[in-house]
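Letters A, B and C mark the chains as written, and numbering starts fresh at 1 in each.
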């Protein structure tokens, strides 16, 4: 949607250095922006691209404005302001209200007249779909689910049962919410399945990535608070509780009954062991395993990064022979006595 | 389904300490149980919650009965007996037999009259669906599959082709069974796909988690024996063989042609390298990598757990400088000669 | 499809040692091949099975032909030639052209008359489906996608929007292509979603595994070049660029904006950190984390493999006490001065 620079500046409360009548109709990177493009500079690493940009305007910090060859929108948080402006310039597609002929809706389900239910969707008993919700093609919503206003289930999403989704939630394709937790009791005859009877309660403004799974609680609910962001292919076990505004990057797993605080950030392929508690404002490094309660905010890590295999193998060999080295030092100490 | 304590005790052969006429109509945790709730005490960690519980009855070990403020069901395995009782009190939903109008069934498929085939399912040529099977909405069953009696495909499950599923199997949403294995032969012109021609044979009482994938065999079948439990987002490669009653926790991967014994337990995010053999009764720690045959039962591990990043980085730096330390000890030893 | 040995030899330019009139009608492993089976010997590990095989013919290297008890097809690359022959003997199923009655096709979509669109598929606005394409049951193709000739979307595949798929691509069930990247900007009020506006461009002859996700670019496209092979449950972040003929094994993740060269091989559960660059011809070990640019071809590793937990724990304890050992060596050195 084309918009004038002056309007963008006013709407997002940025100082404009440049002509307010310039029309923006797309966003682009600094290096390939065109004459009607909005771009941004947030990471100083890209500062050298600024001088050469052909963008119509750039969202940037005050200290970078002098280097801008084009109009500038001054912001304390250029990335966030760019994100908000981009959503205005490229608004998500709008869908006409209505239920596709191929969708199968239980008689006791309630669908808002402003919702769009796409092709080949099924919606189960007693489930409710709020205003302006988009239920994308191929999605399955089981019984007793509540999808609040303005949610977007992109496509092929499955809510198994007893899932409550707050407002403005975004669920990406293949996400499965409310699947049974991994509850098994050992007996001499083999595993006995422990019935998984709880639901999943998800707050407002939560986004869940493609092919991520969130299990229902065993007895009580699995809980994801407001503003949480979960990337693709993550696993959230039964009875997990994730605090508000925590972000979980791709392929991370949180095992059953773990409690993760607010504003945490879990990097990719990380893991949190079951039944532990992580306080607010914790950053977990890529591939790290959190195996004990964390009570102090901060950054936690536990991974070796890769190096040429010969050097790595030599280091591993030395590590495996540390015992001998310790014994040699013991002997030297004794000899020195 | 409400049931009297006396009936529960009789059905599961537990000694009852308390009034057999009390009616139970739900299960709950010790800390939030109500007057008609059944709870359980298995992990001693929760013993302190027992004294304060408002549950109608608690399943527990004989040695804990004296501390119970309410009726007790005495069990040698309280968790397993609780699980069995919970399945009686909260039986899984029953579905009327029949095939949804929106389901698409190949002319040569055979569906038991007692099976329920839900909305938007498709079932391919020559596939057979046994008695009391539930095929949940959005599931795809390709050609030449056999789903034995009492299986439950919760929703959005895909059986690609040539998949045999034993009795009472439970497949969670997004599970893909029978996808092609990763077989590629290198040539100077690039990879050549190796046709994946085998199927998947799954025993009785197997449960497979949400978004888990089980590849078909390259020539022969991939095999999962009776009673195996696989959690969410696991990857089982082509020609893998998993022994009976093995449990595989979330995000674990078993590479092609690996053979895993009976009653093994793989913790989350673990990995088993291709073509190796793991004997019965092996426990693999979280995120561990098994790269060689294991011939002795026991617990195997290989992971560093996370710690504050500064301390971790110092440890890594020392590890990287081990060579220098070894040289210094060499010199000291020489000096001492 | 039955075929004579002589025809196979001619078609794939292999020297035949044996009777060209023998008919082959299946492929099998050396150990369980029958009188009409073609088998192969590539890995020397299986050489001992050759002498006892009942196969009608074996594809093998010249140096192994003397040990063959049956007809031999001599090849410099027995695995690749076997793969090509297997595709002739067991051709993939053919589907009659046409669109299933239960498929839902947007008015502006263009479907080649030779394509097969299976049950419960939906195809969005302006998308085009090329000649001989197979769109398997339950697949969702969103708007503005191009699926080139001879692609096979096995089943339950989701192309979100703006996905271009080159010729002969194979997408396995549960694969999600074009999902939003994980773009979030922090503000004092929580995360702001960064609109993900790019698409995904995939070259010719690419295969993508079950439940793998490939995110769209943030502004420009995510790019996967010709001949790339991606296994199950992999995560390809936004704006990633994967060079031609690179192979990515199961459960590996490539974070946003990483650039991976041509002919690389990533072993299972490996990870590549965002924004880095990996040159051509790099091999990444299982579970390794690549956190810095790689500019030299070669093998890179960074993983400890599992061992009995007691021994591992002792090694970890020694590692954690390295500082003390260093201090003891310092003291010994001082004492020796």
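Assume a residue touches a chain if its C-beta (ideal position, glycine included) is under 8 Å from a C-beta of that chain, and two chains touch if they have at least 3 such contacts.
Since the model is a prediction, treat every value here as computed from it, not as a measurement.
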Q: Have a look at which chains touch which and call the overall pattern line, ring, star, complete or other.
A: complete
**Q.** chain A on chain B, rotation in degrees - Cα superposition, rounded to nearest 5
**A.** 120
Q. Do chain B and chain C face each other with the same patch, meaning over half of the contact numbers show up on both, or with different patches?
A. different
Q. Using mean CA coordinates as chain centres, what's the chain B-chain C distance in Å?
A. 25
Q: Two or more other chains in contact with one residue: find those residues in chain C.
A: 102, 120, 138, 156, 174, 211, 233, 251, 269, 287, 303-304, 319, 322, 325, 329, 332, 336
Q. Which chain B residues qualify as touching chain C in the complex?
A. 102, 104, 120-122, 124, 138-140, 142-143, 156, 158, 160, 174, 176, 179-180, 182-187, 190-195, 197, 211, 213, 215, 219-220, 233, 235, 237, 251, 253, 255, 269, 271, 273, 284-285, 287-292, 296, 298-304, 314-315, 318-319, 322, 325, 328-329, 332, 335-336
Q: Within their complex, state which residues of chain B touch chain A.
A: 27-29, 32, 77, 79-80, 82-84, 86-87, 90, 92-93, 100, 102, 118-120, 136-138, 154-156, 170, 172-174, 205, 207, 209-211, 226-227, 229, 231-233, 244-245, 247, 249-251, 268-269, 286-287, 303-309, 312-313, 316, 319-320, 322-323, 325-326, 329, 332-333, 336
